[in-house]
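Before anything else, here's the structure in question.
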Amino acid sequence: MTLTRQEMAARVARDIAPGSYVNLGIGLPTLVGNHLPAGSGITLHTENGMLGMGPAAVGDEVDPELINAGKVPVTDLPGAAYFHQADSFAMMRGGHIDVCVLGAFQVSVHGDLANWSTGAPNAIPAVGGAMDLAVGARDTWVMMTLLAKDGTPKLVEECTLPLTGLGCVSRVYSDLAVIDVGPHGARLLETFGTMASQVEDLLGLALTTPAGLPQP
Amino acid sequence: MTRTRFVDTAVEALGVVPDGATVMIGGFGPAGQPVELVAALLAQGATDLVVVSNNAGNGEDALAHLIALGRVRRIMCSFPRQADSWHFDAAYRAGRIELELVPQGNLAERIRAAGAGLGGFFTPTGYGTPLAEGKETRVIGGVPMVLETPIHADVALIKAHRADRAGNLTYRRTARNFGPVMAAAARRTVVQVAEVVPAGGIDPETVVTPGIYVDSVVRLDSATTIAGTKGAVS
Amino acid sequence: MTRTRFVDTAVEALGVVPDGATVMIGGFGPAGQPVELVAALLAQGATDLVVVSNNAGNGEDALAHLIALGRVRRIMCSFPRQADSWHFDAAYRAGRIELELVPQGNLAERIRAAGAGLGGFFTPTGYGTPLAEGKETRVIGGVPMVLETPIHADVALIKAHRADRAGNLTYRRTARNFGPVMAAAARRTVVQVAEVVPAGGIDPETVVTPGIYVDSVVRLDSATTIAGTKGAVS
Amino acid sequence: MTLTRQEMAARVARDIAPGSYVNLGIGLPTLVGNHLPAGSGITLHTENGMLGMGPAAVGDEVDPELINAGKVPVTDLPGAAYFHQADSFAMMRGGHIDVCVLGAFQVSVHGDLANWSTGAPNAIPAVGGAMDLAVGARDTWVMMTLLAKDGTPKLVEECTLPLTGLGCVSRVYSDLAVIDVGPHGARLLETFGTMASQVEDLLGLALTTPAGLPQP
């Protein structure tokens, strides 16, 4: 079976090493937070200025001065730290965050990312921290459905939408497959409810497929 | 004591902002928005403004009204488009406002560079994207980088939590965001706080913005409300 | 909890420093000197080191001995010459150590740039002086500036005051100096503190160095002495 | 009468506006601190990381972790703030300090400063914060005897010693005279126990001398 959104989130969470510092992008990647095992010592960074972010705030916990990058009220955990925007992005840009998980409109087989603009001519642009997050973390992973709603592949030979960063993504977690991307192209790691050849057909791409890859 | 002035109203704190001024406005979403100071700017009348702010107004707030009234010539921000940014959206689509879209970390670092007296810096952020078009680039240590320049301002409007009489500031939680870097990058920094304490009332180890960066301070009950009672901000 | 390791001795905290490593050492004068960690480095045996530090050893301290023993190939610092810097002086005069003299503010900013992932910055400091010879310059906003590059390190040795179990640090008074920027600029940061408290034992508003920058922590009684009783440092 | 060191310090202090933020260099300029009037609201910055520095520490006040840039134990005043080195020099370089008073080996009539190296071939170099202080403050003043111990002028047409900064000094306070320097050359403002022509003779320089200047 292909993965649900929560199953995708759980699959990503499984690959995050205990003790990691992690930034989860707005949207789909936020779900990963629900699947981090207790006691894993994973610390969440939110680029609007804190480490040690806890779950979404409920009821009396809601404080308009404690929000995440998606402007959702959250909580802080023991051992949290607050800092200003320049310090927060220094932390990101300086390679101190182990893993950043982002959503995407398109990812290229070389790891180029397009996730901030649909390129629609009349759209109001907005980039936020997307470009900083894309290039800053030690590993930038993308979490997305492999196909857009209209069936077009989101993993592509070359991005056609405005870029967020060049060669910054190392891995794509999707509903159909986990795929490494980068200088040597795309390499299929795992498939869900489908065969390697079907993934290739859907994408219209030839993927490196290790011999040992389990097939459904 | 020091030069920081403590006044009773947002209007007094703001003073005169000339037409054409560059104004920094703190805040990320609702956290750290100097709501009453921006309202004072709306009342004060300055036009032809350049605004530096992470967002471009929400709903019917004062920044949105400044934009709707055509008093903002240009805005530098990272995230203008929001569900309720209709005044900005309309002005932008009508070509009535210039937008310089800046990645959030570059925005913060460019503001910091201004306060720190630097002439610019090379950063990997934005390289190879439309937002770096026309900018100087070079490869440093194998990483392609873009030269970014400082952003200075005439006035910064900041919301902090507590001020002491020496002008030192602390913030609350993620409301700290752009306050510290903007306070240092403006020729004049105007701050609204929820609480004022005597000099020495803030532990010198915990000062976030030293008083040297703070020109005028107003304590506002609404700020107390925002900080003290939860959920009070729309 | 997090990755920060809490150990019992300076030697364990230091771990293995390979020959040829670049080592940052915090402190300005006696304030913030990680005395025991540098002593551990002396004992550990690494040689051919590049040291980044504001000063170049005092009297018979461990850094002075590292230099006297010829284990420091190169030092980047702002103020090597002091009344009691005889080991550095001798090594320098004998051509046994390379010196890169860096203005103190450039030293701090270059270290910060490394931690912040920047490729360099333009600064007015040093323009037209012997310390800017051979460096790229340009006039920005009418001010002549020099391009300065980041300084990275393999290991940073830092003295802080208090750590919580998440690795967050606070400092004491002017002992803060280079600690926060060095902690961020090194691949591995080793810290000696006077006190360790549970996670949450430091108010998150007052953390100076977040735990993400801290790899190992050792609590040392001598540090307690230095922080707690006045005048205890020679 | 020419001024003593304490009289020079008092003369400098008189020109510092109430409420100013001031950095006093190591050596002679440190004396200025003794002459700042109580209630002037003048705040002292020390570049090793604090604002609100108080007088030198005595007895039980001495704390090796609270020192000034000259490594002398000092005290902090109510309203003080501590910060790290990058923040401290950002404050200086960014033009936030109103006045910086420095000692000097040589100052040129154009405001060039030489105060970090005697240029002796066998000297161990050390610069500390001198170059940052020279270019950072809104006003950089020099406080020095007008002549070296061997009688050579320290205010010169062109510095011969290694420079600290170019065109950074705006005023020289000395035992014999107060002299503005800068792009338009040297301009005598005030003399102490001597006449304008004598100052010119001692320096071997022609100084602009305003008509209204009181002569002894």
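Every chain is named by a letter (A, B, C and D) in the order it is written, and numbering of its residues begins at 1.
Definition applied: a residue touches a chain if its C-beta (ideal position, glycine included) is under 8 Å from a C-beta of that chain, and two chains touch if they have at least 3 such contacts.
Composition by chain, UniProt nomenclature: B, C = 3-oxoacid CoA-transferase subunit A.
None of these values were measured; they are calculated from a predicted model.
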Selected interface, A-B versus B-D, where C-beta contact pairs are more numerous: A-B
Geometric centre distance via CA averages, chain D-chain B, whole Å: 35
CA centroid of chain C to CA centroid of chain D, Å: 29
Inter-chain centre distance, chain B versus chain C - centres from mean C-alpha coordinates, in Å: 33
Where chain B touches two or more other chains at once, by residue number: 109, 112, 116-118, 123-124, 171-173, 205, 208
Sequence positions of chain A contacting 2 or more other chains: 50, 76, 82-83, 86, 89-90, 92-93, 136
Category of the chain touch graph - line, ring, star, complete, other: other
Touching pairs among all chains present in the structure: A-B, A-C, B-C, B-D, C-D
Chain C residues within the chain A interface of the complex: 1-3, 112, 114-118, 164-168, 184, 198-200, 204-205, 207, 210-213
Partner chain C, residues of chain A touching it in the complex: 19-21, 41, 43, 45, 50-52, 76, 78-83, 86, 89-97, 136
Residue ranges of chain B touching chain A (in the complex, touch as defined): 28-32, 78-82, 85, 88-89, 92-93, 99, 101-109, 111-112, 123-131, 144, 171-181, 208, 226-227, 230-233
Chain A residues within the chain B interface of the complex: 46-50, 60-67, 71, 76, 82-86, 88-90, 92-93, 117, 122-132, 135-136, 162-166
Interfacial residue positions of chain C with respect to chain B in the complex: 109, 113, 116-124, 138, 140-141, 143, 145, 149, 170-173, 203, 205-206, 208
